[in-house]
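The following blocks contain the structures, represented as structure tokens.
Next come two complexes built around chain A: one with chain B, the other with chain C.
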Partner chain A sequence: MLLKIKGAVRLYWHYLSINVRCAMQYKTSFFLTALGQFLVSFNVFLGIYFMFRRFRAVDGFTYSEVLLCFSVTLMEFSLAEMFARGFDLFPEMVRTGSFDQVLVRPQNEILQVLGSKFELTRIGRMLQAVVMFWYGVSHSGVDWSFSKIATVIFMLIGGCAVFSGLFLIYAALCFFTLEGLEFMNVLTDGAREYGRYPVSIYGKKMLLVTTFLIPYALVQYYPLLYLLGKDSRPFLIYVPLLAVWFLLPSYALWRFGVRHYQSSGS
Partner chain B sequence: MIIMEHVCKSYKIAKRNAGLSEACKALFCREYEVIHALSDVSFTIRDGEMVGYIGPNGAGKSSTIKILSGILTPDSGVVKVDGRIPYKNRMEHVKEIGVVFGQRSQLWWDVPVIDSFELLKDIYSIPKETYHANLEELTELLHLTELLRSPVRQLSLGQRMRCEIAASLLHSPRILFLDEPTIGLDAVSKIAVREFIKKQNELHKTTVILTTHDMQDIEALSQRIILIGKGKILLDGTLDDIKRGDAGIDETVAELYRAYDI
Partner chain C sequence: MRESTRRLPNYTAPMIFKEVAGMKKYLSFFRLSFTMGLQYRAAALAGIVTQFAWGFLEILVFQAFYQAEPGAFPMTMSATASYVWMQQAFLALFATWMMENDIFDTIANGNISYSLCRPIRIYNMWFSQSTATRVSRAVLRCFPILIVAAFLPENYGMAEPASAWHFGLFVLTLVLGLFVTVAFSMLVYVLTFFTVSPQGVRIVFTSMVEFFAGAVIPLPFFPAGWQKVLELLPFASMQNVALRIYSGSMSGAQMERAVALQLIWLAVLLLLGSGLCRLAEKKVTIQGG
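Showing the complex of A and B:
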């Protein structure tokens, strides 16, 4: 078992390295796309900035607190996009039949799909998020302690899991239909956009949905309260990790999809 | 040993007429048509055999290959490859087979061929010595020395196909499936590929199952032919069985297709 995991990790790194080598074949394109990603997120940052020129606070959250919230969501999303991008391109794999190639290899399908594409240009977005995070941290007066740093790390892990889970659902749906999958973007890109502000500002119902159905709030709202000292109950540190449960139904749907797979013509 | 007994496979395919209004209608209520890709297919292939699997487009060749390589699950029937059920023990099974889809690439487009090979080494967990021995042998037989360090996108189709075939043999599989390996190749590359497949079969007793539309492939390679049409096995025999007089191989096969009305 341990040997198997070691092999899988090794293979994952190998996939990563081959993806880096591919990206480096087109250096200019890589840097321009990364820059583009940086600027796009910068736009959103401006949006928040101008909004707060008019209002002092939104639902009790100040400017720098909102920035902190958004930057963490953006980091989670960028990480998930960098490392789980293979699922995003999965419809193409099914359409062209290159998923057949995956099935004739003696390795886990998910590992192979993940390895098929790392979107490293998202480093630009990540960088923007880190800058915002730094700004938010230095201005929101958070009293940093070991448990708060742990909270941020757990938020990143949990958030990555939620977004990856969504990507996985998206990929699994490809086994049943290749049309109209755009609606999934409401959940992924939509979550990133709405993740600018703490979920509570969208109302009680939204908070319920994002707590129990698609657990955004677990990785965003609740731990944020702890970070900002608005709620000091210590179990909130671990709440983001609960969001990892979301991977289970996603994985189940994926397994079901693989069994349903019909392949495309020759 | 490959055994297929009474294997059936059908697909459900969405159908609609042309036109925008029809397309909108199909959004809400789909009509499906069931297509029987394979109906009651049975054959046995012994170890070390080379078999040409022929038939017109849409006859069920690719479906058979996909079932034998564990990609698809048949609706009914028994499939056994060296005692394994391909679609049940996928991982165990695919370690022992090599598959080349002539129309798809398994190599990474933007990096040198050798990088793709190295990745395959990890995917199949090939021991170092085996990998190097196989790589050396394949490089020599397929004349890859010059190609290994060029990115795949700069290779010609013939060169790429040689690399594809090498890629599928790095882990010394017992069985090799070739789905139209000579499609689109020029005469020189075709002959090179054929020569190599023949040699591979003689040297390593690799079982080869080959689908093709190129009858010269069949003539050069396989003692045995399985003809499939409309999902049924129509003929299982040698080339001599179907040859009549001194008609060319293409005419013979065309005649055969006409006779079976496929």
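Showing the complex of A and C:
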């Protein structure tokens, strides 16, 4: 078992290094795309900036607190996109029939799909998130302690899991239909765009949905309250880790899809 | 026939006939792209779902700010809600990031040489094609969104237009705004002639335009000084005018100025774009093989 995991990790690294070398063959294109990623989310930042030139707070959250919230969401999303982007390109894999090749290889198929593409250009977005995070942290007076640092790390782990789970669901749906899957963007891109504000501003119902159905709130709103000292109950530190459960139904759907996969393409 | 018209210095009947026939070419390009665009129904359905969710969340954000500080709100909440819904319904008309990949492809792979051999103006052909694609996409998407939004409660849904006069002006400025948007994206296409990799030009242009056009937040939400400058730029002549006229959040003088600016910018962009296009056609290097 341990050997198997070791082998998988080595293979994963190998995939990663191939992708990095591949991306570095087209350096200009890489940096331009990274710049583009930066600009696109920079627009969202500017939107927040100008809204807060006019308003002092929204639902009790100030400018720097919102930036902290947005930056963590953006980091979670960018990390998931960098490493689970293979799922995003999965429709192409099904359409061209190259998933058949994956199935005949003696390796886990998720590992192979993950390895098929790493979107490292998301580093542009990540960089912006880090800058905003730094600003948010230094201006919202977070009292740093070991437990708060742990909270941030757990948020990143949990958030990455939620988004990866959504990408996995997207890929699993490709087994059934290739048309109209753009609606999944509401759950992924939508969460990134609208996750810029704490979930609570969207109302009680939305908070309920994002707590129990798709656990965005677990990786964003609740731990944020703890970080900002608005709520000091210590169990909030571990709440983001609960979001990892979301990978289970996603994985189940994927398994179900793989079992029902009928080859396509030519 | 052609020979004789060429020798005549003034506009004569056959020449006018030729002009009309010329228009007809581009009308059929329009028709072709339009019907092609109508075929993507599944994508349109997914688009409608996405636009609904987007509009809904956007309105909730504005509501939250409104409840936090109603006094600082520059528009009425109901006008803001209408703005958001129409923005979602007509997204395909104004989104600068929705460009024709076919056009970029023909430049990159050299297929443009075929179009260059034809007796058509590349600029007019692309202009009518991209207008058609945008209109067909919008036609498929806008009605379900507008109808449902009209039934939502006040301050969340679409309000009625401020008056029949406002509605008429809204339709006019919507069309003008579409033309300004297309004329602007034409500049990006034409610039691709000069730089083969369109990525850079495209990314910088589109993200800048989105923001200055009021796609991220409506222009009235900018600080006063910013707003004054932004309203003069061509980007404000895209979606901003029509969406704000509809709900009556522009005064009479403001509306007149906005329509005049739309016309001026449209003329400038058309001249600049077609001029550059002619220049590019003269020194074009065909790519690919």
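Couple of notes before you dig in:
Throughout what follows, the second predicted complex is superposed on the first by the 264 of 266 C-alpha atoms of A that agree within 3 Å, B and C clash if a C-alpha of one lies under 4 Å from a C-alpha of the other, contacts with A are read in each partner's own complex, and residues count from 1 in each chain.
As a convention for this text, a residue touches a chain if its C-beta (ideal position, glycine included) is under 8 Å from a C-beta of that chain, and two chains touch if they have at least 3 such contacts.
Quantities reported herein were computed from a predicted structural model and do not represent experimental measurements.
When the two structures are aligned on the shared chain, A:43 is found in touch with chain C, with no touch to chain B. Touched residues of chain A were counted for both chain B and chain C, and C has more of them. Using the contact criterion defined above for the overlaid structures, shared-chain residue A:262 touches chain B, although it does not reach chain C.
When the shared chain is aligned, no partner comes close enough to touch A:251: not chain B, not chain C. Residue contacts after overlaying the shared chain place A:186 against chain C, while chain B stays out of touching range. Once the two complexes are laid over each other on the shared chain, residue contacts for A:56 go to chain C alone; chain B is not touched.
Of the two partner chains placed around the shared chain by superposition, chain C is the only one that A:206 touches, whereas chain B remains out of contact.
When the shared chain is aligned, chain C comes close enough to touch A:33, but chain B does not. The touching residues of chain B, counted against chain A in their complex, run 11, 61-62, 66, 69-73, 90-92, 94-95, 97, 99, 101, 103-104, 106, 108-111, 115-116, 118-119, 122-125, 151, 179-180.
Of all the residues in chain A, the ones that touch chain B in their complex are 7, 10-11, 14-15, 18, 21-22, 25-26, 96-98, 100-101, 103-107, 112, 259, 261-263, 265-266. Interface residues of chain C, counted against chain A in their complex, comprise 42-43, 45-47, 49-50, 53-54, 57, 60-61, 64-65, 67-69, 72, 74, 197, 199-200, 203-204, 207-208, 210-211, 216-217, 221-223, 226. Those residues of chain A lying in contact with chain C across their complex are 28-29, 32-33, 35-36, 39-40, 42-44, 46-47, 50-51, 53-59, 179-183, 185-186, 190, 193-194, 197, 201-203, 206.
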